[in-house]
Every structure is written in structure tokens, then in C-alpha cells.
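Listed after this line are the structures, all set down as C-alpha cells.
The same chain A turns up in both complexes below, where it pairs with chain B and then with chain C.
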Partner chain A sequence: MISLRKVWTVAERDLRIFLQYKFLLIMRAAWFLAQIALFGLIVNKMLNPEVQLTVGGNYYNFYAAGLIIAMLYSTAVFIGYDIYEEADHGVIEYLLSVPVSRKELVLGRSIGGGLRSFIYVSPMLLFVLYIIGVTNPLQFLVAFFSLFLFAFGVAGFSITLAVSIKSSDGFDILLGVLDALIIRLSTTLYPIAYMPSYYADIARFNPLTFAADLFRWGTGIESTLLTPPAVAVFGIVMFFSVFTFLGIILHERRLEGGSWQ
Partner chain B sequence: MAVKAIMHVIERDFRYFFRYKWWIAGMISMNLADLLIMAVVYTGMVTREITQQYVSYFVFFAPGLTITALFAAAFMIGREVNMEVRREISHYMLSLPIKRWELAIGRVLAGGFRGLVYMTPLLITTLTITYLFANIVPSALHLFVIIIALLFISIGTSGLSISLAISTMSFEKYITARSVVYYVLFFCSTVFYPIDLVRNALPQTLVVVAEYNPLSCATDMSRSFLLGYPPFTFFMLLDIAIFGLIFALVAILAYMKVTQK
Partner chain C sequence: MLPEANPKVSEPIIRIVNLTKKFGNFTAVDHLNLDVCDGEILGLLGPNGAGKTTTLLMLTTVIRPTEGTAHVGPYDITKEADKSRTLIGMAFQEPKLLWVSKPWDILDWHAKVCGLSTSERKKRVRWALEELELWNDRNKTVHTFSGGMRKRVEIAKILIQRPKIAIIDEPTAQIDIVGKHRIWNMIRDLRDEGSTILLATNELYEADVLSDRVAIMHKGKLLVCDEPKKLKDNIPGGDVIEVVLKENASQEHLAELKAMKRVVDVLTTKPNHLKIYLNQAEEVLPHITEFFIKTQMPIATIQMSEPSLDDVFVHYTGLTIEEAQKK
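Entry: the complex of A and B
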């Protein structure tokens, strides 16, 4: 039986830890500012007018919405680094000794990892909503709650990778490469219609595509190029379920024994 | 004798660089993802003016890729210098029969040469792309000028990164400062977009930054020799040389001062 109180205790601990990374948070905020105030503005002028129409009238809005998803992904994934930090300092052994089951531990970490990224992204999310506006609050609420699941799923994904690899260098490199590929092979930066078919086929099943398109739908960006919302919600629920489940299984089996490098 | 001592320092830093082979592999994959995914997708989205001037966005971005790679690799020396100062490894280095100024010059040059070596396969990729798509083969003189300019950029970047690294003992502050410098220099340059678009989209102050930005000058100089546009001007070479010399000098003086403490 999973105790929600214990799950929350674990999640709360991860939230507190996150606040210690103030320089990391400043760095990510600087990245967001540079993207939205420099890259986004200039690229918006670089595009064909036809593209502007197909993305719902304004590429800048389309891009700003995608940036939020990229930010959510890159901050939620950070929980994996925490696991290595804890392994390095022997905190994992301590965590295993507290009266919290492994399932509660990994569930709490997934929720904590997702929740803290959401809290961090919130001011930027509000800024983007100010730029884009929200036309249908109900649609927005559906998208907003799905994004919670997305953030929890990303945290579960990061935990799954961290406990599978058990090498901080390997994890760092794999995450860097994945970060480069998963964002570029999704609709966070550009619509699927302009991707060559060999990239579009991958992007269609990318959870970032589901999240980005759902968020755009939630804000009322009207583009025929977006993934249908029902498909996007289904994709996010699947992503969350698979990686939370995998995270729990692997966390239980691999946390003890073997060496962390 | 000074040359021999400086060569020893450079050799040491090169050995360290190749220890990060997985990091290098990860970084190359990220650089290639920018070219082979992001630039390919944007190719189908940009205005006709870019296609008319530069064949395609993919071809336009190819010289920018070289600069991105060069900058990232040359900047890495700062991370090592910051770590050495924090852990007082620099004290051990001062015990070696090498003069302080030889050590300082060696570190700055090593950072520069590392950037150049890392960038070489990507420059070859760029040359292949411009030959295949624009049917332009640069003359030996043009190629020589490009390599010399890139060396200056690399040395200047190495100097900039060492200056930042020794201006603070905190690693977090260093990586935050590095990120801010990185984002401003890259997104406020012509690496990703032509200068005309920057003029249309950004306020005058940032346009001036973009025009005088050595990364803009190096990228546009490569484009002028490899794609025939924009036209080459001596200002580009002058700007690059000034950047390289100033930051190399600042880094040498700062490094000598910090090792005297």
C-alpha cells in the first residue's frame, strides 16, 4: 500500500533541494531570455509568410509555446543528476534506511522532479501566456493538467536512465545527446509539416511533440498542423505511465548493489 | 627555451582534452544535430531572399556550425583553469621549472589550438557542403585566411574563458557567466541568421553588438569565401584580430596575477 503522505515527503525534499541550484536556475532563465528576446524574434522575420499562416498566424507565438515545453523537459530531467549526486555522497544508502518504501521513493521523486520544474517554469509560462493569450480557459486547463503528467513522465524517464546506466559520465553524455535530438526532433521549434519525412516519422511519436502541440491547442493557437488534442493527451498519459512504471521497477531492482561510477 | 616550455604546457592541455573523448563525441553529435536536423527543417521554412543569396538555409548555416564548434571547444579550457585555481593545482604547476608567463601563454594558446583541432572535421564538413551545394571550392589563400581567422577567434575565446574562469573562485558563478556570454555572443551574431534580419528585428544597441561581434565577422568571412556572400571586408579580419589579441593579453595578465596570490 502506497502512503501518499510519504510520497509527498519525498517530493517536498526534492523541491527543497532544487532551490539550492540557484545558479542553474539563473542559467536556464538566461537561456530562455536569449531564445525569446533574440533568436525567436529574428527567426520570426526569417520565415516565409506562408509558414506564418500555417502555424496559426504568428511563428513567434508558436515558438514561444514550444520553448516552454523545452524548458519543462530540460528542468524535469535534472532529477537524474540529483540521483548521481546522492550516490556520490552516499545519500542513497541513507534514503534506503528511512521508513519509505522503494515505490514511494521513486513515485515521490517523479512527482517532486516534475513539480519543481513546473514551479520553476511558471513565471516564464505566465509571460508566454501574456504574449499569446488564452482564448478558451477550459481547453487551457486540459492542456495544463496534461503538462503536469508530462513533467512527471520526464522525471520518471530521467530516473529510469540514471538507475539503468549508473555512470555519471555516461548519463551526462547520453542526456546531452538525447537533449539535442529529442528537442530538435519534435515540434517544439517547428511544425511537423516542414520536416522531411524521415524526421517527421520520429517527431510524431515524440512526447515533446504531444506536449508542445497540446499546450498550443490549450492557448488557442489555431493551426491545422498540430497533433489532435485527444492523441496528444493519450500520448502524454502513456509516456507518464510507462516511465513511472519503469522507474519504479528499475529503481527497486537496481538501486542496491553494483557500483555507481 | 621559452618555446619549449610553452610547448610542454600546450602538450599537457592537449592530453587532458583527449581524456574527454565521450564529451567530445557528445558535443560533435549536438553540433551535427543543429546542422542535420534544425538547419534542414528551417531550410523549408525561410524566405526566398535567403534561398536566392545563399542557396538554402542549410548551406547558409554550415559555416556557422564551424564557429559554434570552435567556440564551445575553446571555451572548455576555462572550466579546467577554474578547477585548478579552486583546488590549488596551480600551486603545483608553479613548482615546475616553467616561468609564470610561459605557463600563462601556454594555457591560452592550448585552449586556442584545442578549439582549432576540434573544429577541423566540422570545417571539412562545411567545405564538403559548400562544394556539393554551391559548387564553390575556396582558393588556397582564402582557405589559409579562414584558418588563420579561426585560430584568432579560438585564441580569443580561450582568453575570454580563462579571464572569466579566474575572475571568480565559484564554479557555479563561472558556468553562469559562461552561459550568459555564450548566449549573447551566439544569438546576437550572424551565426544563425543574416545581419539584415538582425537589423530588422533588434534594437540598435544589439545590432551594433551583432555587427562588431567577432563571431559574426568570422562567420561572414567564411561565408564570403565559401558562398560568395556577404562581401569580404578587411574590417572582418581587423575585428577578429583585435578580439583575439585583447582577450589573449587580458587572460595572460590575469592568469599571471592569480597565480601570484
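Entry: the complex of A and C
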């Protein structure tokens, strides 16, 4: 039986710790500003009207929506770095000793890792919504709540990787490479129609594609190139479920078994 | 100073059965069998690498045993880990703190996750921070703290939690002598309030003054477990009485002394300096002084010394704790 109070207590801890990383938070926000105020605007001017039409009439809006998903992803994966930091300081041992079940611990950390990235991205999200606007509030709410699951799923994914890889350097490098690949092999930055088919086949099953397309659908960006919303929601739910489950199993088997020591 | 026997000691609250942990080919804990009684302070004594910390980590379900198990209260740690953790609180050897964290946040969260109400939490956290002289530093990040301050934050967790079973690994490592006494008193208070304390230490004096019973471990195995006094009394010739006489002792006197009950050996370091090795010196001392009075051998000085737990360790392993640590 999972205690929601305990799950929340674990999540709350991750929220508080995140706020301590002030330098990281400022740098991430600066990166977002540079992308939205420089890169997005300039690339938007480079594209011809035909291309603009395929992405709902305005690439800048398409890009801004995708950028939010990239931000959500890159801040939610940070929980994995926390786990390595905690392993260095022995805090994992402490967390395994407190009166919280392993399921509550991993669920709490997934939720905490996801929620803190959501809270952090919220001002940027509001800014993007101000730029794009919302045409259908109901659609937006569906997309909005799916994004919560997406953020929790990314946190679970990061936890799974963190407890699977023994070296912190290995984890660091892997996440760097994954960050580049996962974002670029998705529709966060560009539509699937412009990708070579061998990339598009991968991108179609990328959770970032589901999240980015669903968010665009939620804000009313009209494009036939977007993943159908039902498919995107299903993909996000599966992503969240699989990695939360894997996180719990690996946490129990690898951490508690002492193999990380 | 010897600890008084705790009258509250009763049935085992922890029963360790064949507990074993292997890391590859290395056996850290080797078929350990031990009972910890409800309400006692049990000191787990041994050099570094004896398997003390690994034992504690298995009891707190942080790592899984390779073989065997332990019952914490009614719960089997291998089958009901979640339930057994509700009875246990642990203060680790190395403080488990993220350096960006602050003492108040660390302790408040610990109290919260252990299920304390908001008002009780605030009260206990404040009390512990004040008692451990951390109140003024409660909002500083722990990376600015000394090793001793971090250790005090770690100890504070358990003092706030007041668990049914408190497991404390090296409670006063890196802490100054005044702080040590304060923490020892707080651990005794915790025991008096109803907690059972299992503490691991490689400090002989700490184990001696604090423990109702001491379990000595070496190379993953339990060598012996008993009250400190009994452990010391059971060393043949462990007590020493040093006598300086005003005149030299004769061979006849020495022979008569050696023949006394409980006397194991008599050595003369100088013709008038005697070292009498015996058991239970406090019982034999009156007979020895009577002997010297009867034989008209005036005593200049007389001094009695007990064996230490180090002597107990030497008795069972042939090594001092320091030597064992080096090996």
C-alpha cells in the first residue's frame, strides 16, 4: 500500500534541493532566453512561407512550443545527477534507511523530479503561451496534464539510467549524448516531414515528439504533421509507466543489493 | 566508570541469525548470530573492517544479506523490509548530507518522513539543534561546516526521531571530548526513554562507558558478547595489583602469593615491586593486604588496575585493536 503522504514528502525534498542550485537555474533560464530571443527569431526569418505553412503558419510558434518540451526534458533529467551527487555523499544509503518503501521513494523522486522541472519551466511556459495563445482551453488542459506525466516519465527515465550506470562520468557522458540525440531525433525543433525517413521512423516513437506535438495541439497550432493527440497521450502514459516501473525495480535490485557501493 | 546494568533489559528486539554478506569473494560478515535485548545499549566493538557497519546496513535494509536474516521486532528484514524500517533509525558513520543542504531543512525533513506532526517536529528539531550547539548555524549550508559539526547533524537525526531501535555508527567520531560526553548522555537518555541502542564503535572507552553489553567482532565474525565487566573478569589474570613494598620480598612470600585463590601469576619488576596478575581483583585485594600485614611486610603503595576491552580483544584475537586495524 503506497502512502501518498510519504510520496509527497519525498517529492518535496527534491523540490527544495533543486532550489539550492541557483547558478544552474539561472544558466538554464539564460539558455532559454537566448534560444527564444535569438535562435528562434533568426531561423524563423530564414524559412520561406511554404515551410511556415506546414508548421501552422509560423515556425517561431512551432519552435517556441518545442523549446518548452526541450526545457522540461533537460531539467527533469537533472534528478539523475542528484542521484549521483547523493551516491558521492552517501545520501542514497540514508534515503534507503528511512521509513519509506522503495516504491514510495522512486515514485516520490519521479514526481519530485518532474514537478520541480514543471515549476521551473512554468514562467517560460506562460511566456510561450503569451506568444502563441490558446484557442481551445479544453485541448490545452489535456496537453497540460499530459506534460506533467511526461516530466515525471523523464525523471523516472533519468533515475533508471542513474541506478543502472556505475560510473558518474559514464552517466554524465551518456546523458550529454542522449540529450543531443533525443532532442534532435524528435519534433521539438523541426517537423517530422523534413527528416530523412530513417530518422523520422525513430522520431515517431520518441516521447519528446509525443510531448511536443501534444503541446502544439493543445495550444491550437494546426498542422497535419503533428502526431495524433490520442497517440501522443498514449505514448506519454506508456513512457511514464515503463520508466517509473523500471526505476522501482532497479532501485530495489541494484541499490539495495549493494552493487553500487 | 562502569555503566550500571539497565533494569529495563528484557527480551530480544533484534535477533540476528546466520547473517552473512559477501562482496565478490570477500566475506564482510560471516554467519553472525546475535540477540539485542529490548531497552539495552549494545556496543558492537571491533577494528575497521570487522564487519560492524555492514551488519548495521543490513539491519537497516540498506543492503541485502547474502545469506541468513535478522528479525527486527516481529519483522524479518529480508521479507518485511518496509515494516522493519518503521522501527529503526540510523545515524551513519559518515554524515549523509548533501553539501547544499542546511541543518534545519535536513532535520525537519527527517522528522517529517518519520511521521512526526508539524508542532512536534519543530519542537524536537529546535531542541536537538540547541542541545548540539547548531542552532546559530541552522540556516548555513553544511559545506561550510567542520567534520564534527556535520557529525552532530547526523546524530541529531536520531535524537529527533527517537526510534524504537536506534542504530548509531561511530557516534562520536570527529567530535571533541566535551561533545562526546554530551552525546553519550543523550544516547543514555534515548535508551532511558525506551529506545534500544545498537552502536558500532572502535573506541574502547566509548564501548565500555556506554554499553550494557559489548559484542566484539573481528573479520566478520562475532567473537564474544557480554557485559563489559564480565568480559574483563573472564580474562584469566586480567586484573593487575601493583604493590611497592618498603622491603624486598622473599621467594617464600612470592610463592605464598602465587598459591592464593584467583592469583594467576606474580612478577617482580624490582625486588620490592610486585605485579600480581589475578581474576576479580576487588575480591582478592583484602586478602592480599592482610597477607602483607601478617607477614610484616609494610606496603609503600598499592594500585589496582582492571583489564580494558582492548585486553579482552587481545585475549580473543592475539592482537590489539590497533594491530588488527593495521592488518
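A few notes on this one:
We adopt the following convention: the second predicted complex is superposed on the first by the 256 of 261 C-alpha atoms of A that agree within 3 Å, B and C clash if a C-alpha of one lies under 4 Å from a C-alpha of the other, contacts with A are read in each partner's own complex, and residues count from 1 in each chain.
To be clear about the criterion, a residue touches a chain if its C-beta (ideal position, glycine included) is under 8 Å from a C-beta of that chain, and two chains touch if they have at least 3 such contacts.
Only a predicted model underlies this, so the values are computations on that prediction, with no experimental measurement involved.
The partner that reaches more residues of chain A, of the two candidates chain B and chain C, is B. By the touch criterion defined above, A:245 lies against neither chain B nor chain C after alignment on the C-alpha atoms of chain A. In the superposed pair of complexes, A:234 makes contact with neither chain B nor chain C.
Once chain A of one complex is fitted onto chain A of the other, the partner contacts of A:145 are absent, as it touches neither chain B nor chain C. Contacts of A:23 after superposition on the shared chain: chain B is touched, whereas chain C is not.
Of the two partner chains, neither chain B nor chain C is touched by A:205. Here chain C touches chain A in the complex through residues 21, 23, 57, 60-64, 81-82, 85-86, 88, 90, 92, 94, 96-101, 105, 109-110, 112-115, 141, going by the rule given at the top. Across the complex, chain A is touched by residues 22-23, 25-27, 29-30, 33-34, 37-38, 40-42, 44-48, 50, 57, 172-173, 175-176, 179-180, 183-184, 186-188, 192-193, 197-198, 200-202, 206 of chain B. Listing the residues of chain A that touch chain C in their complex gives 6, 9-10, 12-13, 16-17, 20-21, 85-86, 89-91, 93-94, 96-102, 256-258, 261. On the side of chain A, the complex with chain B involves touching residues 22-24, 26-27, 30-31, 33-35, 38-39, 41-49, 51, 169-170, 172-173, 176-177, 179-181, 184-185, 189-190, 194-196, 199.
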